[in-house]
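Here the chain labels run A, B, C and D in written order, and each chain numbers its own residues starting at 1.
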Amino acid sequence: MSSINKRAKQISAEIISNKKVGAYHHITLTVGEIAQLIKPGNFVAVAVGGEDSRMVLRRAFAIYKSSMDPLDGGIVELVVAPHGSGSKWLCSAPIHSMIDVILPLGKAFGIPVNPVNALLVGGGYGSAPLFGLAEALKAKQCNVDMVLGASTASKIYAPQEGKRSTNSMIFTTDDGSLGLEGMVSSVIPEIIEKNNIEIIYSCGPMAMLEAVTQIAAEYGLQHQCAVEESMACGIGVCMTCVLPVRGEDGIARMVRTCIEGPVMEGSDILWNTGRKVPSEVWGAL
Amino acid sequence: MTVAFDYSTSIGPTSLPNPILTASGCASSGKELAQFFPITELGAIVTKSIMLKPRSGRATPRMAETPSGMLNAIGLQGPGLELFIENDLPWLHQQGARTIVSIAGETVEDYAILARRIRTQPGVVGIEVNISCPNVENRGLVFSCHPDTARAAMEAVRRNVGGDLPIIAKLSPDVTDIVQIARTVADAGADGVALINTLLGMVIDTRTMRPRLAQKTGGLSGPAIRPVAVRAVYQVREALPHLPIVGMGGISSGQDALEFVLAGAQAVSIGTATFGDPQAAIRIKSELEQLLIERGFSNFSDAVSYAHRAEQ
Amino acid sequence: MTVAFDYSTSIGPTSLPNPILTASGCASSGKELAQFFPITELGAIVTKSIMLKPRSGRATPRMAETPSGMLNAIGLQGPGLELFIENDLPWLHQQGARTIVSIAGETVEDYAILARRIRTQPGVVGIEVNISCPNVENRGLVFSCHPDTARAAMEAVRRNVGGDLPIIAKLSPDVTDIVQIARTVADAGADGVALINTLLGMVIDTRTMRPRLAQKTGGLSGPAIRPVAVRAVYQVREALPHLPIVGMGGISSGQDALEFVLAGAQAVSIGTATFGDPQAAIRIKSELEQLLIERGFSNFSDAVSYAHRAEQ
Amino acid sequence: MSSINKRAKQISAEIISNKKVGAYHHITLTVGEIAQLIKPGNFVAVAVGGEDSRMVLRRAFAIYKSSMDPLDGGIVELVVAPHGSGSKWLCSAPIHSMIDVILPLGKAFGIPVNPVNALLVGGGYGSAPLFGLAEALKAKQCNVDMVLGASTASKIYAPQEGKRSTNSMIFTTDDGSLGLEGMVSSVIPEIIEKNNIEIIYSCGPMAMLEAVTQIAAEYGLQHQCAVEESMACGIGVCMTCVLPVRGEDGIARMVRTCIEGPVMEGSDILWNTGRKVPSEVWGAL
């Protein structure tokens, strides 16, 4: 057997809870033992639409939380924005319905061996995987600060319990309806300096990840970001989810973000190449 | 219930234990799927089309979902011939998988070189010649869209591959007369044809008000195109009753696969369905077997082309 | 909110109050839909293709549902030219509907006769020339699949219709190069092209194990083919920027219609969607208008071909 | 406005009941005032599959019953066999869900002005429209006998209350699991003779309707049958639902069964033409 997708399984999971929280749906699935294999940053790929659906592709969702519940066994929680037809279908799925899920997929966030000061930056539902990450970091005695941004208050996903593992939590919204008015990137430098940040983790829209990458570079910090590229399969067979990424050998390649990501080192990514393959990419046309 | 059902099939000189293949470009080189089922249980793995040189493929966005289908413009991203021979083929061989290597060229000479290198690799049971590629020597016109270029590419492969390894020409449906192209490649020495590659399509993003894909156009695949694919198989089978056909285009269930078999396919390839269900190919393998047994067939070959039988 | 939005469009010499048409063969001659909305509110009614003589059409089964689409083999059933002129056109004229008559011939001469008789009928604002029909004088090859026959049919119509009535050539997508066919018919005097007619397809009934349709093959329509249709419109617009295009193929919402407009269509036709929703055309009319207003367009014409604008 | 479809409306109807009865589902919809315009033999055309469905065509269902309910207003009842994807979707539609329905469609059964002895013959769910017809005939003081056939007992749809309006009711099943073993056609001659039948009404599979047509011809009886051809639209615009039918002028034409039918005079139909258009049909190729 291959080492790719090596812990992944395709299972039928029951939706045991589906609640609207702000602009999102918080959805809980029972997935059995496999919940124990999940690490912060992993994602699931969900078949959407049911049997007679015209949607033929899976949808990827970051895992917000996974745990072993005494009653329900292994559970996985997702935070889903009702955006297009696939996510809307999922958000309106009734409790007790079964969905076809593949998990865990993708590379997880790297957890430092020794305690560090970490800044976690989330945009919109991109906050979802950060809470599990915060817990994992806290368990390693890290200092965890968090900044979450969104266009408006209802799009900040930050449950009360999520704050447990963080030392500080700052919100920014474009419209000022919650926390500071503005973008996350505007508050990051100050936090880095004040809290002596040593590593940044981020998840959110690509433009945000790019901005964070720039700031991380300015401060010479490591920056792991979970990217979000259109994925057709989630398991590495379709080649739709690629990004130009520089490898350890210094050569940039089109890399599948579903199996080499979604978590990647921000500075390795060739950002915003304007719908073109940069000529420096290996095998560029 | 144990039924003695003979599921084997053959494409030219190669026989396969069953007719279920992966579609080129929809299963990479097998490693990714191996986690979900034993890939040796498929008739063969058809690998992603390989080119001479490493290739980055196209810029993103490379795909768009469409009603019952998808558009892709991967642009044949791949490691190039030598790394493929070094890394992918040995792994497949080691697993015991039967491999059909899909090759794609930019020039007629490319096809010749690719065929020559691939033919001697262990574990390779066939070569699929993806001639639905732009010909850089001729205004980027797709090889398989014109009889002359289709013939030239296939002759180049045939000259370099002996009779023991079947060469299968993969055709584009975007032509006025697919039977003419099939006849041309058969005359040029193809042992079979693979029908169909994707249809050229476009999606406009109504938000940005531009084509969704960076590449503008892409290939349409999935259940949406199945009726076009079944028609192509039926037409080619009717005109060229002895030319083996690998059928594909929107197969996502045993029922779908059965349509292709009845229309005349000796084997079927599972493409886009794998994106929705990594176990699609192996599921379809057992669904199709069950349907054939239910219909009273004791071997697969009897069902091939059965829709062409005379009216009672 | 009242917005001064100019929804009018024109196809050659004819201007229409809005760009929403019915697709030929999907609205009969308007009577059946009149119960569901005022047909005069559409840009025009495109009638089912009319032939010289009465025609029974094909045997049943004539249709099969397919993923996000359908296959049909109606075979141009209709009353023939004279009864059509006697019964259908006067009714449409009486309602105040703008009518584009679709004509279909078996020979080049048929097209000439049909055009000559139709051109003088009251209420007719255009002629759509369905050249996706088999040419009985030339081995049943479809007129629009070959430049020579496409040209001959269009020249025959042009010779018989003055410059005041637009003639629109309706093309089949089942060709290697649709731009070449569009260019040919434009050269032959077409004022515009209608893109696209159905794709040739087949469904095999896995119970009877024969082709589902009595006619074996049929035309594939519906959302499944939309990406192919949008691509055709975009390609023809790019190559022939001044040739008016009526876009169609799987339009079932304002979003879908907008894709065609951005790709280059001056008008859009609603076909298969009407079978699922008799009010589809009128619903799409208001959905498209709303989407255009939301995007800041103050008149429809500015949106036509907008996806072709230069990158900033 | 046209006279075609002239009473039909496209409405959003609520499913207020959906019960499994034998092999079928008995489904009740609230449709409002329009229920009053329905006559026995009319049908509805239902949009199936929901928003993201790959099913693009409507499905036709005979109206089993229509009435004005004091509580629910106008209601329509259907009897649906879960056969393929469209009917299965409808059979599994939850109560209180809304469906898009066009009704009433098609020509109804002709009701004689004076009392006659009528035989109603139904096959499978083809019995559905016959109960309303029986009531209408009874109201005209007709004598109503009914024969219902199916492959097996669970496929005979004959609710207890339905028997109210009939003088006799005979069942036949292919497997003998209910009533007589055999086909409906085998018992009809005896009933015709015994009960002095003057008109036959039928609804069911095409092969049955053809057999009944033959028997009716032998006895020189009028025979109105409700045919079932594949329909894409149900409203006359697609031309998929045609049958070769002889008109009053003696000429056979391909006729749309959705607007000229589904109820037609059996003897006018050119039956079982073997996937060919008979050469005598007007405009035959």
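Simple rule for what comes next: a residue touches a chain if its C-beta (ideal position, glycine included) is under 8 Å from a C-beta of that chain, and two chains touch if they have at least 3 such contacts.
Just so we're clear, the structure is a prediction, and the values are computed from it rather than from any experiment.
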item: Of B-D and A-B, whichever chain pair has more C-beta contact pairs; value: A-B
item: Inter-chain centre distance, chain B versus chain D - centres from mean C-alpha coordinates, in Å; value: 46
item: Euclidean distance of C-alpha centroids - chain B vs chain C, Å; value: 34
item: Separation of chain A from chain B, taking each centre as the mean of its C-alpha atoms, in whole Å; value: 35
item: Centroid spacing, where centroids are CA-atom means, of chain A and chain D in whole angstrom; value: 55
item: Two or more partner chains touched - positions in chain A; value: 54-55
item: Junction residues of chain B - those touching two or more other chains; value: 67-69, 222-223
item: Graph class of chain-chain contacts, one of line, ring, star, complete, other; value: complete
item: Parts of chain C lying in touch with chain B, wherever the complex brings them together; value: 66-69, 71, 145-146, 174-176, 199-204, 206, 209-211, 216-218, 220, 222-228, 230-231, 234, 250, 255, 258-259, 262-263, 291, 295, 306-307
item: Touching residues (chain side chain A, partner chain C) in the complex; value: 54
item: Of all residues in chain D, those that touch chain A in their complex; value: 49, 51-55, 85, 89
item: Of chain C, residues touching chain D in the complex; value: 25-28, 30-36, 48, 53-63, 65, 67-70, 72, 74-75, 77-78, 80, 91, 214, 222-223, 252, 272-279
item: Residue ranges of chain D in contact with chain C within the complex; value: 1-6, 8, 10, 47, 54-58, 100, 102, 229-230, 232-233, 235-240, 242-244, 253-254, 259, 273, 275-277, 281-285
